[in-house]
Amino acid sequence: MPIEQALNGATVISWMREIESSVRAQRDYLTQLDSAIGDGDHGTNVTRGFASVVEALNGEKDAPPGRLLILAGRTLVSTVGGASGPLWGSALRSGGRVLGDSPTFDGQQLVEVLAAALASIKELGAAAPGDKTMVDALEPAVDKLRGEVAAGAQPAAALASAAAAAEAGMEATVPLQARKGRASYLGERSIGHQDPGATSTALILRALERAVAASS
Amino acid sequence: MAETKMRKFMNDPANVVKESLAGLAAAHPNLLRYDSAAQIVVRKDAPKQGKVALISGGGSGHEPLHGGFVGLGMLDAACPGEVFTSPVPDQMLAATKAVDGGAGVVHIVKNYTGDVMNFKMAAEDAADDGIKVSAIVIDDDVAVQDSLYTAGRRGVGATVLAEKIAGAAAESGADLTTVSDTVKRVNERARSFGVALSSCIPPAAGKPIFDLPEGEIELGIGIHGEPGRRRAQLGSAAEVVDVMVEAVMSDLKPSRGSQVLAFVNGMGGTPLIELYLLYAEVDRKLRAAGVEPVRNLIGDYITSLEMAGASLTVLHLDDDLLRLWDAPVHTPGLRWGA
Amino acid sequence: MAETKMRKFMNDPANVVKESLAGLAAAHPNLLRYDSAAQIVVRKDAPKQGKVALISGGGSGHEPLHGGFVGLGMLDAACPGEVFTSPVPDQMLAATKAVDGGAGVVHIVKNYTGDVMNFKMAAEDAADDGIKVSAIVIDDDVAVQDSLYTAGRRGVGATVLAEKIAGAAAESGADLTTVSDTVKRVNERARSFGVALSSCIPPAAGKPIFDLPEGEIELGIGIHGEPGRRRAQLGSAAEVVDVMVEAVMSDLKPSRGSQVLAFVNGMGGTPLIELYLLYAEVDRKLRAAGVEPVRNLIGDYITSLEMAGASLTVLHLDDDLLRLWDAPVHTPGLRWGA
Amino acid sequence: MPIEQALNGATVISWMREIESSVRAQRDYLTQLDSAIGDGDHGTNVTRGFASVVEALNGEKDAPPGRLLILAGRTLVSTVGGASGPLWGSALRSGGRVLGDSPTFDGQQLVEVLAAALASIKELGAAAPGDKTMVDALEPAVDKLRGEVAAGAQPAAALASAAAAAEAGMEATVPLQARKGRASYLGERSIGHQDPGATSTALILRALERAVAASS
C-alpha cells in the first residue's frame, strides 16, 4: 500500500485555481443553463467569485489549508452575491473550520471538510436532495468519497469516483421539478433542464480531483 | 426566431452598474452620494440621529429601484448588486453602519433566495456590531404559489410602496417596531402579478434570457428576466388586465368598498402610452370589482432592464397608509410635496 | 434581419390614443380632464380668468408629452393627434377656447410641416373668434440643418423645457408677451441631438419604421421613428455622448462658466440604468467643455413609442430661467414643489 | 364633335369614393413609402381622411359640386392632421370656391379647380417643383390637363393624360433630394425613394379620371 501523500495549503490553492479556470471555460454554458430556469447570471457569478478567490489566495501558499478555505469562503461571500455566493461561501468556511490550523490534511479529513460544506449548504439553503439544487450533486459526491476513503482508496482515486457521482447527480436534476431557488418559480416548467448550481458543483469536484492528483 | 441583439448604451459590460450609479450621484448630489468602494448609495444627510433608517438592495437592472429611491421620506441607503444578482453582505453591512442613527435600521428584503441569505449574513454581522436591525421580507407576487415546493412568493411591486410608506413613517419619527410593522403591513395588504411581452438582455450575457414566439406572452413573470409560470397568446389589453386583476384580487380579497392604490408598473421597455391604456382597464375593472382606486402610480418603478411588459400591484389602503403615501417624498425616482 | 414583431398592450390599434388618454384622465382627475369629443386634455380648473394659457399638441406616441404635462405650472391643454400625426385644427381651436381666460393663449408648436400648418389654421380660426393667440415654434434639433433645403430644425427636447418654464411664468401672472418671449428664449437657448438604437413600431403600421443591421445606430433622429441623418457603428457610451455633446455644444456655444440644464431623455425603450450611465458621461463632458450642469432632467419625457435611444438637450440657463425651472409644477409627468 | 357631358355633384361624390377605395387598397404601400423617408403614417392618414369625406358627402348628391368640394376639404382638414391633411384640405376648398354654387362644371372649369388646388398647396406648403412633394405629381398633371382641354379634348380623355403625367411626376421624385416636409430631415438619404404624397396624388388623379369617365 502506497504511503498517502499529505495534502496542504498548496492543494487548496491549486483547487481554487482549477475551479477558476474550469468555471471560466464553462461560463457561457452555466449562464445558458441559468437562463433556461433562472436569471442567467450563474456563469458570471461563479467566475467573478473564484477569480477573486484566486487573487485573494495569491502568495498565501504557506498558510494552513483550513485558513485558506475560510479565506476563500469569505471571498466568495463578499464577491458573488446571489444564491450561490452565500451557499458555496459558507460551505468553504465550514469546511475550513474542520481543519483548524493543521498544516496538512489526509483523505479522511477531506471527507470531513466536504461533509461540513454540504451540511452548511443544506442548513443555509434548506434544500433536500431532489429539490433540484447543488445539493443533488454535492451529496452523492460526499457519500461516494466517504465510502471510498473508508474502503482505503487514495484521495485522488476516491475523488475521481466522487466527481463521477457529482456528475451523475447533476444529470439526475434534469427530470426534477425545482423546489428551491429561482427555478422553483417556474413550477413544472423547470422540468427537463439541468440545474446550473449542480453543474458548477460537479466542476468544483472535478477541479478538486485534479488538484489532489497533482499534489500526489 | 432570430436572436435579438444587444443594443445598449454602455462602455464595458462589467462596469454598467458602477457607471450608472456614478451618473445617479452626479445628477442628484443634493439627495445622495455614491460610495463606490462599498458599492452603496447613501442619503446625503445620513446618518440622522434618532431617526430609524431604512435600507434596501438587490440585484441591479430594476432602476429606479433601489438607488433611485434614496432621499427624503424613503430610503436612507441602497445596496445595488450586479445586474439581477443579489448584493453581497459587505454592502448591506456598510450601508447599515452608514445610516444607523442609533434608532435602528430596517432592512427591506425582496424574497429571493440570494437576497434573503445575503441580507441575513449582513444582519448577523450588524448585530455583532451592536446595531439593531429588523429585516422584513417582501413577498407579494401571486404568480408564485407560497408552498413547501417553492422558494415562496417573490418580492416585486410592493417593495416600492413599502419603501415609500415606511420611509414616510420613519421620517415622521416612528420607532423601529412601528417602521418594521409598517413595512409588514404594506406587504400583507399588497399583491402583484406581472406579464412580459419580451425578454430582456442582461449586459453580461449579451443575449435574451428567453425567446418568445410571435404573438405569445409570459404570464406570471418576476423582475429578473426569468420566464413566467406559463405562456399564453397575446390577447387584447382588456384580456391581459382581466388576468392580472383576477390574479391579484382573488388573492387579496379586499372587502367591497375598500380603498386601494393601483400601481401599474412598466418593466422598462413598454412605453407610457401603453401603461396608461392598461390603467384605463385596471381602473374600470377594480371599480367593477367593488373597490375604489383612490391613489395610483403609473410608470417604470421596478423594472427588468429593457423588458417589454407590465405588472399590477394593488395595495389595500387604510387611513394610516394613505396618509403616509401622501406624505412628502423627494428622491430621484419619486417626488411630491417637496 | 428578421422582422421585429409588434408586441403591445392594446385593444384595437385604431383606439390606442383615445384609450390611453382615458387612462390618463382616470388616473389624474385632480389635475385634468379628457374631452373625448374634442380629443383634447384640459387642465381641471381651466379657464383661469386673467391667466395666460398655454397649449401644445402634436402627434401621439411621445408620452408623457403633451397630455402628461397638463396641470399646475405647465400646460393648460394638450391636443394629441393620432400616433406621429399632427392633430387637426379643430382640436387646437377647441383647446384654445377651453382655456382662454381673457389674457390670451400661447401655442407651443414643434417645428414639423404638419404641426405648423394645422396650428396656423387653428390660430386663424381663434383670431376670428376674438381670442389673442401667440404661436411660438420650437426648433432645437441640431441634427437638421436649418437651411432653404429643409423644413428647418425639428422641435424636440426643448419643448418639454419650454412648457415647464413658460408654464411657470404664466402661473406667476406674466402677460402674453412675456410668456411668449419665455418660450422663445428657451428655444433660442436650447439645442438637442438624438440617437436611436432601434426603430419603434407604430400601432397602425404594425412593423418597425426602419431596420437597423446588427451593431448599427441611427444618429440625428427625431421623435417620429424617422431614420436619422446617418448610420454609424454602435460605439461605447462614451463615444456616443461625445457625438451628442459635440453636436449640441458646437451649435449652442455657451460662454465658459455658463450654467446649463442637461436633459438626458429616453426614447421609450431604453431603461433608466442606461440613461444614468449616459448622464455620467454627459456631466463629465459638459464640465470639461467649461459649463456647469446645475440642473438636470433624466428620464422618458419626449419619446418615440418603444424606440431604444436617447437624446441630449442642453439649455443655457440664466437667473430667470433657473427660477422658473425651480418653480412648483404638478402634472402627471413632472412634479415638484407641490 | 360629341357634346360635352356636364359634370356635377355626383361626379365629385364618385371622385371621392374612387379616391377612398384606391388609397385604402394602397394603404400599406403608401405607409411603406412614408416609412422609408417619413414617419410611416401617410397611408393611414389619407385612408382615414377620405373615408370621413365619403361619409360626410353621403346623401349630399344634389348639392352643388363646389359646395361638395369645400365640404370634402373641410373634412380632410378636420380628420387627417399631419402635412397632407391641411394641404389637400385647403386644395379641395380652394378648388370648390372656383365653382361657386354652379350646379355643373365643364372641362375648362375642371382645369381651374385643379389649378386652384395646386396654387393652394404651393402657397401653404411653400414647395416648389423638384422639392420632392405632392407638387411634383400635381403640377405636371394640371399643366397637361390645361393643354389637352385647350386643344379640345374631352375631360375623361384629358384626365387620362393628366393622370399619366402625375404618375410620371411621381416616379420622377425618386432621384430627388427632399427639401420640404419630413423627408428633408434625411438630407441625401432621401434620394432613391418615391415620395408618398406624390404617390397618393397620382392615385387621386386616376380616381378623378374614373369618376369623370363614369359620368360621361
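Which chain is which? They are A, B, C and D, in the order written, and residues in each are numbered from 1.
By definition in this document, a residue touches a chain if its C-beta (ideal position, glycine included) is under 8 Å from a C-beta of that chain, and two chains touch if they have at least 3 such contacts.
Because the structure is a prediction, the values reported are computed rather than measured.
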How many Å are there between the centre of subunit A and the centre of subunit C, using C-alpha atoms for each centre? 55
Using mean CA coordinates as chain centres, what's the gap between subunit A and subunit D in Å? 76
Averaging only over C-alpha atoms, locate the centres of subunit C and subunit D and give their separation in whole Å. 33
Using mean CA coordinates as chain centres, what's the gap between subunit B and subunit C in Å? 29
Graph shape for the chains shown, where an edge means the two chains touch. Line, ring, star, complete, or other? line
Using the contact rule from the top, write out all pairs of chains that touch. A-B, B-C, C-D
Which part of subunit B faces subunit C closely enough to touch in the complex? 1-2, 5, 7-11, 16-17, 19-24, 26-27, 60-61, 63-64, 68, 197-198, 212, 214-215, 217, 234, 236-238, 240, 268-281, 283-284, 296, 298, 300, 303, 305-306, 308, 310, 330, 332, 335-338
Inside the complex, what are the residues of subunit B that reach subunit A? 59, 81-90, 112-114, 117-118, 121, 143-145, 148-151, 154, 202, 204-205, 209-210, 222, 224-227, 229-230
Listed in rising order, the residues of subunit D that touch subunit C in the complex are 31, 35-41, 44-45, 48, 77-87, 124-125, 177, 179-182, 184-187, 189
